[in-house]
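Here the structure is laid out as structure tokens; the discussion comes afterwards.
Labels for the chains are A, B, C, D and E, by order of writing; each one numbers its residues from 1.
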Amino acid sequence: MLLKDNIPVTYLVGKIKNELLLIAAYAVAIAGFHYFFPQFRISIPIAVPAILATIISLLLAFRSNQAYDRWWEARGLWGAIVNESRSLTRQLITFLDAGNEEEENFKTRFVRRQIAWCYSLSQSLRGQNCYIRSIDFLEEEEVKFSRRYTNVPNSLLKLHGMDTQLAYKNGWLNDYQQVEIDRTLTRLCDAMGKCERIKNTVFPSTYSSYIHFCLYLFITLLPFGLIEFFGIFEVPLIIAIAAAFLLVEKMAIHLQDPFENKPTDTPTTAISQTIERDLKEMLNDSQKETIPHLKPARTEEKVFYIL
Amino acid sequence: MLLKDNIPVTYLVGKIKNELLLIAAYAVAIAGFHYFFPQFRISIPIAVPAILATIISLLLAFRSNQAYDRWWEARGLWGAIVNESRSLTRQLITFLDAGNEEEENFKTRFVRRQIAWCYSLSQSLRGQNCYIRSIDFLEEEEVKFSRRYTNVPNSLLKLHGMDTQLAYKNGWLNDYQQVEIDRTLTRLCDAMGKCERIKNTVFPSTYSSYIHFCLYLFITLLPFGLIEFFGIFEVPLIIAIAAAFLLVEKMAIHLQDPFENKPTDTPTTAISQTIERDLKEMLNDSQKETIPHLKPARTEEKVFYIL
Amino acid sequence: MLLKDNIPVTYLVGKIKNELLLIAAYAVAIAGFHYFFPQFRISIPIAVPAILATIISLLLAFRSNQAYDRWWEARGLWGAIVNESRSLTRQLITFLDAGNEEEENFKTRFVRRQIAWCYSLSQSLRGQNCYIRSIDFLEEEEVKFSRRYTNVPNSLLKLHGMDTQLAYKNGWLNDYQQVEIDRTLTRLCDAMGKCERIKNTVFPSTYSSYIHFCLYLFITLLPFGLIEFFGIFEVPLIIAIAAAFLLVEKMAIHLQDPFENKPTDTPTTAISQTIERDLKEMLNDSQKETIPHLKPARTEEKVFYIL
Amino acid sequence: MLLKDNIPVTYLVGKIKNELLLIAAYAVAIAGFHYFFPQFRISIPIAVPAILATIISLLLAFRSNQAYDRWWEARGLWGAIVNESRSLTRQLITFLDAGNEEEENFKTRFVRRQIAWCYSLSQSLRGQNCYIRSIDFLEEEEVKFSRRYTNVPNSLLKLHGMDTQLAYKNGWLNDYQQVEIDRTLTRLCDAMGKCERIKNTVFPSTYSSYIHFCLYLFITLLPFGLIEFFGIFEVPLIIAIAAAFLLVEKMAIHLQDPFENKPTDTPTTAISQTIERDLKEMLNDSQKETIPHLKPARTEEKVFYIL
Amino acid sequence: MLLKDNIPVTYLVGKIKNELLLIAAYAVAIAGFHYFFPQFRISIPIAVPAILATIISLLLAFRSNQAYDRWWEARGLWGAIVNESRSLTRQLITFLDAGNEEEENFKTRFVRRQIAWCYSLSQSLRGQNCYIRSIDFLEEEEVKFSRRYTNVPNSLLKLHGMDTQLAYKNGWLNDYQQVEIDRTLTRLCDAMGKCERIKNTVFPSTYSSYIHFCLYLFITLLPFGLIEFFGIFEVPLIIAIAAAFLLVEKMAIHLQDPFENKPTDTPTTAISQTIERDLKEMLNDSQKETIPHLKPARTEEKVFYIL
């Protein structure tokens, strides 16, 4: 609930500032014309813009719904990535023996690579350099290997698979356990592919354009419907109504593309940090003292989870 | 059905008391102005606020829908936790041999830890001390172990996994059974992660603000549309209409955050108690006499299941 | 399609009889007042109640949608119970050897217990005695065992699990087959838990109250909007419109709680009978002559499937 | 796209012919009354029927949505049956050895029985004789066996299961493969049960009656609202509007029951033919010459896929 | 976001050009008639077309929703095909040994056939020659084999299955691994069948016709409602409003059939190219230099992903 106080209203209003200024100028012009040229007064029944308003509301509500679904699906996918990362780590820890140094190194490498996978997927979805954060969790050879790939997270999944094969060959995993870890990798591969699908599929833009067009038609007609009853007071009223509609439209546009490096994004970096914290704790309880920055992590979440 | 009589209407009306007082004062002021200064009477066509009402209804209905979906998903997740807890217990009882004392102790420890997991998840989601109820079901070492973790329920799941490994090493579980129990743990891990996702993701707040803004715009215009037909009777009418809209809005706000320690929450504590009862019964039929408080448990549910 | 002729319209109209009488009296009173005291005639623009009607329609449609979803989910769960019961029986018959008498007895006991499980779940969801029908399919010891439990169907599932363990110990089931039957039990456990969730979770009642409140506000205002055009004819019109709205509301209330022992319930008893018939046929083809009442079973369905 | 040209409009219009004639007579009567008895002219504001129209549209849209969901679910289930039939065939072919005559016969019998299962389920859902087409694909003993069952497709699934057991006993399938085929059977059993659920569950009929009632109320009032502006031209207008609403209602009624042997049904026969073609091709590539009627099959689809 | 600039507005407007010209002529005719024959002026209250507009908006919004769902499902299915293709490749690489030449050839053949499967499914859904692109990835015998089938992608899946059997016989895959790869094939088979279902199921066309009919009724009445207030200015207004409605309708028609070889299609070719790139990279890291055309692939995506 606290996070709600942090809405970057100014950020959003900033986005529609230009539109609002234009609309204000238009409303003032109509009011002035109405006042100075009473003989040319045009007044239309309020029903005309009202009907447009109903239609736009309906379409906007449906559209917000669809945009919200995309956004919520994206959030759910990253929630699934958290769950699968934890499950993968638990499986590695409980399927392999403890104590043996070689196996411990193996587990550490695998889990660190999983953390790197989360960070690199997060960066890759935003179209940024995949190695920015993930490089700290990868061994030199792994980086070298993945550089040959276009899709870095996919290359890390292949390394996961090859390490599973290695563990199976070494007898660290039995037949079922190998297949079980492979299934977890398949689910991670699914989540990755679904994120890419949301990223790469544009929202039907004709639909958007149509709503935008109706909205401006409505705003154009609105002053003529209101001026008779409100006179000069129609100016703030029109700005308020227009702002309300434009904000909802803007909101839908932002929600429908949840991986665009904007404040309304799915907080992939913050989620990756949570995964890092949990996986490190699961991997090595004794290293607890090295990650005591629990509070700061939370604050960072606050910054990213804002919507 | 009985539970429906217990709605804390006063609780909810209490939440909008201040808003209603303000609105009443405003409506009275308008009516007074209308009566004492007939020459300045302002009357707008009822169509203007009516259109706003339609739009707000539409947006509010969609929003309630989304809030309801979150709430229902949260309820479904705790339903899944009930199911998985029972399945886990059934698996432990039927996969392991009966009679052997060591294995019986193992089962008891595992099932009690599962009860603790439910309570600690419930507390953790509400931001409260995870150990309040769960500590009674954990062994000292387990508490010590989990204290090193930020995420207590996750640490208990790791203990589950480590115990599964132990049972496998001891030959109590065969290859398939280990993997099968691991899958149940994966599903519990999923349910936990999904609850955390609902808890940590705020509802797009611009959307909420927009509805709130429209609602007050509507309430501001309403008296001018009604005063002509109803005179002083517009005051109760406006309070009634405003209350209706504000209540729906409040309801949506409550439903969308189902883990906030409010009366409209998902009844995680009551559900945990049901799990405790069922798991104890499944574990040890002979201990029946120690949990005969069937009726009181039901009453408690009544208190928590209210909505 | 035939079933549609059997709608208990009188049953439903009976439920709203009192409300309708009250509304009729109110409408007559308004018409009388209008006729005898023409100087006090109050007439409001039809737009005011009309707007309320649109809003209520919208909310009622959304609410019916959610109630329908609950009802349909409940129906789907019992459909899943049919499927899983058949699959469980098929697995028992094809995983275990045929011919061996001990194994045949085992299968019979298991399948009969599954039938008992369906009946006891059906009764338990309606808050009735779990043993009414199921006791015919249980052995004495099983009844004794399950009486120690609060949740009878859950105790039968535990017995299922213990029998699976027995079959595994006896070498009747191999490793995979045990796990595979355990999975079917897990799915039955899921379906049971989901039914309990629907049963135990009340529909957000503030939402209902709000709609109810709006509905009466609308009915109160309606005569004043119609009297001018229809005169005394407004009385039947108001009754018709009010009846329509109240019926939809009543329908939603009935649909949202599908396990309340009402004619609109999910037909759990009829479905259990279908399961009984199919499982008996699958178990023992030669016993065919003992269950030739195919037609009567269908008629009974007719009675219960009504909505 | 081509299929769209084949809409049986006359079929549908035929369904509402009587209603339309009645409505036309009513509209003409009102117009005549209006013309010959101008002193008794009744005219109501267009707003009254208009509001009813909005409400009916809303309810009809929601209802169409739910009917469409049922229809689409039914279509999806038959799509799943196609997929599972293909997967089952692929599993039989690749799990069992090739070349051995006994195993080849086994495969042929199994796959032919799967084709029979599809046809018998299709007939059974429509309440027709299950053996009409399926009998060509069953051996005499299989027909004899299934005749003892009320639910023929379920008996064939049991035969599938018994054959799987046989193959396991003979060592043709290993432990995993048996379980894997059993899972495919479970999914087929699910699809069958879900189709039966859609078939046996009537749509809440009170809901339908209510919409029907509102619709006629609306049509009754409509002429009084239009006559003032359109005079005699209201007759075609009323017929057109009434036809539009009645068609949507009829459409919803047809969509909601997709297994009633009507042109708007799920094309279960055509889909079964596709399954027959694909399974035969997969089973025996050399028999290709015996099924060259590819084109005619398509044409038949055209006839059945119509909506 | 960039892709949004490329909307082929002209493409879409082109589609409704004829309708718009007709509507413009009609609007001009009405305006002319109104101007030259003032004695025959017909004016209807704006409420009549307004109500129709609301109803159409509602139905159009619902319909767009359903069309969008089909389109989004189709997109999701191709996303699943990407994921399963990657998972299949990872499984082949990590389940089989590396280094052995025979096994390497096996893997290469299998993965190339998977690429061919994607291309042939893409072509087959569009009703085009299945071999156009896929033939480059198939061996001669495979082409010969699949030519005997009506459904080419299904024949390739059978080859996948037969190769899995071969690998199992050769001891390259163990029992679990065979079954695990078979499951991946089952999921691919599912995705294929679901695409075919979307392709072969026409959208209920009565529903479409009804909306179309209402839309033209509305456009016919509109000029009479607007002419009184706007005079000659009604012409552009009517064109604008009609264009808006027709565009949304056209959009829905395009979205609901996502495999028709139109610019608004699911970009199956571009997705298949992405799969080709990823699978080749996974298969053979050293061949990197042969596929450096990363940028052009992206551009091509730009062309196809347009909506």
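We take it that contacts are C-beta pairs under 8 Å (C-beta built on N, C-alpha and C of every residue); 3 or more make two chains touch, one makes a residue touch a chain.
Just so it is clear, the model here is predicted, and its values are computed rather than measured.
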Where chain D and chain E overlap in contact partners, by chain label: none
Smallest number of touch links from chain A to reach chain C? 2
Shared touching partners of chain A and chain D are E
Quick one: report the Å distance separating chain A from chain B, using the average Cα coordinate of each chain. 24
Expressed in whole Å, how far the mean CA point of chain B lies from that of chain E is 39
Can you tell me which residues of chain C touch two or more of the remaining chains? 47, 54, 58, 175-176
Flag every residue of chain C that touches chain D in the complex, lowest number first. 1, 3-4, 7, 9, 12, 46-47, 50, 53-54, 57-58, 61, 64-65, 68, 71, 75-76, 79-80, 82-83, 86-87, 90-91, 93-95, 174-177, 180, 184, 226, 229-230, 240-241, 244, 247-248, 250-251, 255, 264, 277-278, 281-282, 285, 288, 294, 301, 305-307
Across the complex, what residues on chain D touch chain C? 44-45, 47-48, 51, 54-55, 58-59, 62, 66, 145, 148-151, 154-155, 157-158, 161-162, 164-165, 175-176, 178-179, 182-183, 185-186, 189-190, 192-194, 196-197, 200-210, 213-214, 217, 257, 260
